[in-house]
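Each of the next two complexes has chain A plus one other chain: chain B in the first, chain C in the second.
Let's look at the complex of A and B:
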């Protein structure tokens, strides 16, 4: 319990420091954060730009003359109460955008991770146990070629072949516009159909990296004495491979699952942009090209908080799985 | 030199990786001198399939794709090598300092490393690129920006290694002989770390490549119109290129080049790792 409390305090400090860096990075972007909004106000209401700028500053609660320290305190206070700011480009609060986008991203990431982890560890263990055979060479070569393909190149390839040439996949969106969301089979099928592209593009590289890690772990464990003893004791091959090798090899990987999901929050940007899939990464891309400071800071803070807590969960899992960590 | 080349020729992975990397390095260094670049548009020649005159065909403007690929190789390879180099230098210095000095400095450096580990690299990189996008960017500044988000894992691993080397007997001996920090760092610790740092330099190339191509693909930090990331962007979005059946070869060629270059780096790194660490060879 004391261990968890200690770690929680550390997590808190880490979040605070990381958010500080986020704030100062975004602050150093040139230009007035309300400028885009001011231009559109000036156009719709037919008024001078200075006046529109003033209104825009009021809307997003931004005061150009305010010293940076006060801005910083305000930013931290807002994040603390769960207010991620205001998006000048979409003209809504960032919370609303997060509420809309986060479910899609989590949906794709968790499914892709589940599939990638399952397929990767199974094939990786198989490869290690058939060391030296054709199966091993085939899996290992395939995985290392996949590792050389960046996720977004794979995404472009899938979009190009699947959506444009063969017309099997949709070109964007999370579901067809003409459908009303709800829990009926047609809609769920359409959801999966739209998520298929991002799903394949994220799960295949994941499968390769989990697979290679699993293959390495298994290869090390096969050499251990306890496996040799198990063989001498006359245990069947399937018992040895399931209970002695795979179980031991998979434990460290299970613990790092959480951290993988945390990082995926940010690493998913390009894939979502390419498939026009309306998740966190897609809005992040929009915020970058529109120079929407509020949305950028909000989404970036969310991603950082996600990663910090995923790291925390990973460490807790390690401590639960491996008692030696707790002892330290 | 002979001792360096021989193991590479003996190890299959290192050899294939070496050949692949050499082809791209030649393409980047002497390629632009041999192959002329003609960027003027010629609409009569647009979307020509690969032929003897245009080995990779032509793009939307009728510009030879092969010429663009060769000239783009310079900034693709140059940017990745530079970014990876900077990342390794920063990572090594901070890692060694953190592992060796101890006390308050170590704690401070540790916090910095953790912050950089916690902040996801790619989104941070996008924001950084957007910050500098309005100013004129060149290869070195972009490489530095990329390196800033690559060095942290390396620093952490190196500091752990230095930490374990530090307590070995021969370091104690050097300390007792009063050989000085400089001697211990460069004569005792460095030689043990160098192979590791070298392997990391090659592995980082993959990250640097992915980051730079991704950045250019999103239209940020475009300092070279023939960078493969910029070309991939054009190949997809320029004048509806995605939907023209005749433009099929254009994105495919670029993707094959990107993957082959990264694959060459991965193979070479794996091969070198096997050479330095014979324990790994058993698993082949």
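Let's look at the complex of A and C:
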């Protein structure tokens, strides 16, 4: 209990520091969100750019002259009560955007991670246990190649083959516009159909990296004395493989699992942009190109908080499953 | 006494990039029923290789070239994996070196008993628990506590005892231990030695153990086999061999033992280093370090010469 309390305090401090960094990085970004609007105002009304800028600032509710420290305090206060700010581009609160976008992102990355983790660790362990055979060479080479391909290149490739050439996948969206959302089979099928592209593009690289990590862990554990002693005691190969090799090899990976999900919140951006999938990453891309500082800060904060809490959950999880940590 | 295990001309090598390491080069010895045999030698002399080759538990980069290991009229080296699995652990148990890392860190001690017993028999769960409790008390540990602990919660001596308890599940005829007392402090060593003595009596065990510690061998064993560079150079009853060593290597070994009462002036090491087993010297492998080296030692590998009925020496001096 005391351990959890200690950890929670650390989580709190960590979140605070990370949010501070996020805030100042976004603030120091070049560009003015109202600049585009100001230019068009200046042209249509034939006035000086400075004046037009002032009007534009008023329109989108952005005040560059406000002291940065005041903005910072306001930002922290808002985050603390769960208000992630206001999007000047979408003219709505960031909370609303998060509420709309987060479910899609979580839907895709949790499925992709579950599949990638399961397939990766299974194949990785198989590869390590068949060391030196054709299966091992095949899996290890394939995974290394996949890992070398950036996720967005893979995403473009899948989009091109799946949607453009074979016309099997939709070109964008989370579901067809003509359908009303609800819990009926047709809609759920359409949901999966639309998520398929991002799902494949995210889970394949995940599978490769979990697989290679698992292969490395297993190869080390196969040479441990306790595996040899299990063989000497006459244990069957399947018991040794499950209880002695895989169980020990997978523990450190479970630790990175939750952290991985946390990072995926942000890392998913390019895939969502390519598939036009309305998740967090998609809005992130919009916020960057529109210089929407409010939205940008809000989404950044969400990701930071996500990663910190994922780390926290990982530690708790690890303490539950690994007897060596539990003891402390 | 009856011979229970007989090893003839056993040759095993490790295959490494630089060539083959001839760690067990034509080893012959007999083990009599209900005795304690010690295999002694310095580090990297091939002691462990001998017992691992005997039980076919060598690591994958090794190969048994020739020889036979006769147990109950059968050559263990010719048995199928299935037959071997039946004999191993139920009749011949082997406790490996590195007791500290030989238990699965993520399962409890009791699960090691379950796994081992399930692999050979289908006992009921409560029978297994009863057996485990019985064996853990036998090695002087508290079963209620130990069985439900994880390996990292036990001390080195406790782990060694757990391994010994595991090895006794099926009342094996032969128990082979690789360095059972190294990596333990002197007091724990003494406990383990006493424990092994008691167990031997209680279970009618035939013990074979490997050690680099001559004092432990002297304390525990009836018969001693001195290994040098993959060969057994001398063997015989422990007392006789240590009192009156014949082979120059054994003489050097005995002279280098320190004790509280010995005269420090008389303690001598053996000059030189053990040979590389990748490219061992021709003839007698000890000749580069031997004080009595003769011309034929360099050319010809010495045969085993009988000093008396029980003692054998592989040295040209005793032709």
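The rule is simple: the second predicted complex is superposed on the first by the 286 of 328 C-alpha atoms of A that agree within 3 Å, B and C clash if a C-alpha of one lies under 4 Å from a C-alpha of the other, contacts with A are read in each partner's own complex, and residues count from 1 in each chain.
Everything that follows uses one rule, which is that a residue touches a chain if its C-beta (ideal position, glycine included) is under 8 Å from a C-beta of that chain, and two chains touch if they have at least 3 such contacts.
These figures come from a predicted structure and were not determined experimentally.
Undergrad: Check chain A with both chain B and chain C modelled on it and let me know: fit or clash.
TA: fit
Undergrad: For A:226, select first, second, both or neither according to whether it touches chain B, chain C, the two together, or no partner.
TA: Only chain C is touched by A:226; chain B is not.
Undergrad: So in the superposed three-chain picture, is A:307 touching just chain B, just chain C, both, or none of them (first/second/both/neither)?
TA: A:307 sits against chain B, while chain C stays out of touch.
Undergrad: Which partner, once the models are overlaid, touches more of chain A's residues, chain C or chain B?
TA: B
Undergrad: Just chain B (first), just chain C (second), both, or neither: which does A:91 touch?
TA: Neither: A:91 stays clear of chain B and chain C.
Undergrad: Can A:51 be said to touch chain B (first), chain C (second), both, or neither?
TA: neither
Undergrad: Is A:77 in contact with chain B, with chain C, with both, or with neither (first, second, both, neither)?
TA: neither
Undergrad: Aligned on chain A, what is the least Cα gap between chain B and chain C? Give it in whole Å.
TA: When the complexes share the chain A frame, the smallest chain B-chain C C-alpha distance is 10 Å.
Undergrad: Per the contact definition, I'd like the list of chain B residues that touch chain A in the complex.
TA: 111, 114-115, 118-124, 126-128, 130-131, 134, 206, 209-210, 213-214, 217-220, 232, 236, 242-243, 248, 251-252, 255, 258-260, 262-263, 265-267, 270, 283-284
Undergrad: Quick check: in the complex, which residue numbers of chain C touch chain A?
TA: Contact set of chain C toward chain A: 55, 57, 59, 85-86, 88-90, 94, 96, 98, 101-108, 111, 115-116, 118-120, 150, 152-153, 163, 166.
Undergrad: So in the complex, which bits of chain A are touching chain B?
TA: 14, 17-18, 21-22, 25-26, 28-30, 131-132, 144-145, 147-150, 152-153, 156-157, 159-160, 164-165, 219, 263, 265-267, 269-270, 273, 284-285, 288-289, 291, 296, 299-300, 303-304, 307-308, 311
Undergrad: Going by the contact rule at the top, pick out the chain A residues touching chain C in the complex.
TA: 224-226, 228-236, 239, 243-244, 247-248, 251, 322-324, 327
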